[in-house]
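So that you can tell them apart, the chains are marked A, B and C in the order they are listed, and the count of residues begins at 1 in each.
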Amino acid sequence: MLELRLVQGSLLKKVLEALKDLVNDANFDCSATGFSLQAMDSSHVALVSLLLRSEGFEHYRCDRNLSMGMNLNNMSKMLKCAGNDDIITLKADDGSDTVTFMFESPTQDKIADFEMKLMDIDSEHLGIPETEYQAIVRMPSSEFARICKDLSSIGDTLVISVTKEGVKFSTRGDIGTANIVCRQNSTVDKPEESTIIEMQEPVSLTFALRYMNSFTKATPLSNTVTISLSSELPVVVEYKIAEMGYIRFYLAPKIEEDEEETKPQV
Amino acid sequence: MLELRLVQGSLLKKVLEALKDLVNDANFDCSATGFSLQAMDSSHVALVSLLLRSEGFEHYRCDRNLSMGMNLNNMSKMLKCAGNDDIITLKADDGSDTVTFMFESPTQDKIADFEMKLMDIDSEHLGIPETEYQAIVRMPSSEFARICKDLSSIGDTLVISVTKEGVKFSTRGDIGTANIVCRQNSTVDKPEESTIIEMQEPVSLTFALRYMNSFTKATPLSNTVTISLSSELPVVVEYKIAEMGYIRFYLAPKIEEDEEETKPQV
Amino acid sequence: MLELRLVQGSLLKKVLEALKDLVNDANFDCSATGFSLQAMDSSHVALVSLLLRSEGFEHYRCDRNLSMGMNLNNMSKMLKCAGNDDIITLKADDGSDTVTFMFESPTQDKIADFEMKLMDIDSEHLGIPETEYQAIVRMPSSEFARICKDLSSIGDTLVISVTKEGVKFSTRGDIGTANIVCRQNSTVDKPEESTIIEMQEPVSLTFALRYMNSFTKATPLSNTVTISLSSELPVVVEYKIAEMGYIRFYLAPKIEEDEEETKPQV
């Protein structure tokens, strides 16, 4: 039997909004340690990894490990019916092919339960090794979202270049070019508004902008975003979920064959 | 001659917004007692009845009974041109085939008059007998609107079941099932936020959800909605219009042939 | 070399929003006195004239007269990437076929530069003589925008009639007729909310409503609009840009052949 009670139900609503455009169907994995998901996007280019630790739930009962295949679009439709202040409880009986979402209003005057059919989904869990990155940028998540959106009106690719002074986001399209530089500024009063760069060596990588835009759907989950870059590795775009875990997006850089600074092809 | 002056003109704007999706053309009937309308929706399934009593108008002159056929969409286009604080006066000369809406801004610096052609519309006035209902639910109108909208994302029909403890709204669709229970809670501070149930006997009826959703267009007219249910009768969904009258929607329940609790067919 | 620094960058964003639906491509002309544009709309019916005087810029360097052809839609895409509090600097090197827009955030933590290709555009500069008008109406710009929008839901043409008492805006369509009268009211506390009429003689002119609606895209630039009318001349709809200049729209009146008050044809 599974029973997970989340007082801050709006958080689960936001998680689904962050996931549903990127991933159609996915397995949610429940174990004693937490509620997690790992999935490729529908075009098998990006990877998303979610963790909500058991300690973050008001009540967390998971008698045995369980993998529940869900259609994220349908799950999102149901969660949209929860009020923003509602307590959400997720329930599943052992061996059942359904999951129930229960929504309780703060006054307990309105109680809803939504039952959704589960799906069988093939998936393999990728081990993601912990690594050192050449550069890690932490910045306001809304600033990063704004930059990705703005640059999408000019071009299709995003070049992220990190130096000690700052991080530069660039694109190029038919109508012209654009460069946006955010300077390191750790001294501001509000730490969530600062841009902080930890750099081993300068790095410049190119990505498909439309995936970056999808990742920024997670912006409501956290005031800050952390972008970890290394030239040989997928970028990690991470949104911490306060006291519960994180949502992390992975995306391999593009090999820039036809740019000025041509690199040896692999 | 007809001349009706309504200081709170926004009320007439809201009435039109509540009607125009359900009804295309209708006769407005003016008599010494008030301004009223009775019409079937365009698919002849639901009935709407509006009353604005003469006492609610600042000035009400109606020399003889008059029935004015109007296209509600065109009337809505004209009323949308009135400011929310405008005084609206409706005028018609005897025997004229037009009606004039006059809008006066609160400062009297802006005066608009819109003249609309009237139409000949066949209609018969149904007598609606006053009846006892098995159950009457009074609840916040915004809550009812939210529930109808939420359940529409899951299914097409709405089951309303009333017991002494509360009222349950249910639906069922391809992606699963949903039940929302609102408990009786007459003890809250603000009476307009309470849910009150007057019940002779438990009742459970099924309706087409899309009509219910249309009815909730009247939500801006009143903080509360009253739902009157009896197994042999159309449901009445009523929005009171403060100090003036009401808008009432009638909808026959569906006979549920293929539900678990099959009933004897009529 | 050209370098124009505008502290209130949002003003340039608003100018582009006012222009881009009316004009596709246009030459911006820079001289020692200011930054200006004159262009016909794409159907060659309306004329727009913009002036931003050099004194309004924090820094204004223009070594020699320069005419820069720009696609206004692309320029608008780039300016939308500037924050509303950003300082915008426009830069062009002599003989270059590109222009650069630089956006600096108020804290200087974010610096963006957008480079756009210039175009060769044929254009002739029309001399617009200063003239006396039969009637000049100054009124709140939001009121004028609301009236044009409201009347568009009824008809296609706008009749503007000025008398000493006020200005009347009228239209006529399939569903009926509409007249909106704004009275002269110079005595209100807030001068930007007053309607002031300077009249030599009464005038009544007819215009295509869709152009008037386009002109009102300039509403965010100014609290008031000035409408100058003479029977033989194009109307001038002017929005002053505080301490910098103006944007003026010109539109020839329609000859009303098939109206009741038929005029001798020219």
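Going forward, contacts are C-beta pairs under 8 Å (C-beta built on N, C-alpha and C of every residue); 3 or more make two chains touch, one makes a residue touch a chain.
In UniProt terms, the chains line up like this: A, B, C = DNA sliding clamp PCNA.
Computed from a predicted model, the values in this text were never measured in an experiment.
Engineer: If every chain is a node and each touching pair gets an edge, what shape is that graph: line, ring, star, complete or other?
Structural biologist: If you draw each chain as a dot and join those that touch, every dot ends up joined to every other.
Engineer: Please tell me whether the contact surfaces of chain B and chain C are same or different in residue numbering, using the over-half criterion.
Structural biologist: Different: fewer than half of the residue numbers at the chain B-chain C interface appear in both copies.
Engineer: Mind checking the rotation angle between the two copies, chain A and chain B? C-alpha superposition, nearest 5 degrees is fine.
Structural biologist: It works out to 120 degrees.
Engineer: Between chain B and chain C, what distance separates the C-alpha centroids? Give it in angstrom.
Structural biologist: That pair's centroid distance is 44 Å.
Engineer: Where in chain A do residues touch two or more other chains at once?
Structural biologist: Expected reply: no residues.
Engineer: So in the complex, which bits of chain C are touching chain A?
Structural biologist: 71, 74, 77-78, 80-81, 98, 107-117
Engineer: Given the complex with chain B, which residues does chain C contribute to the contact?
Structural biologist: 143, 150-151, 153-154, 175-183, 185, 188, 195
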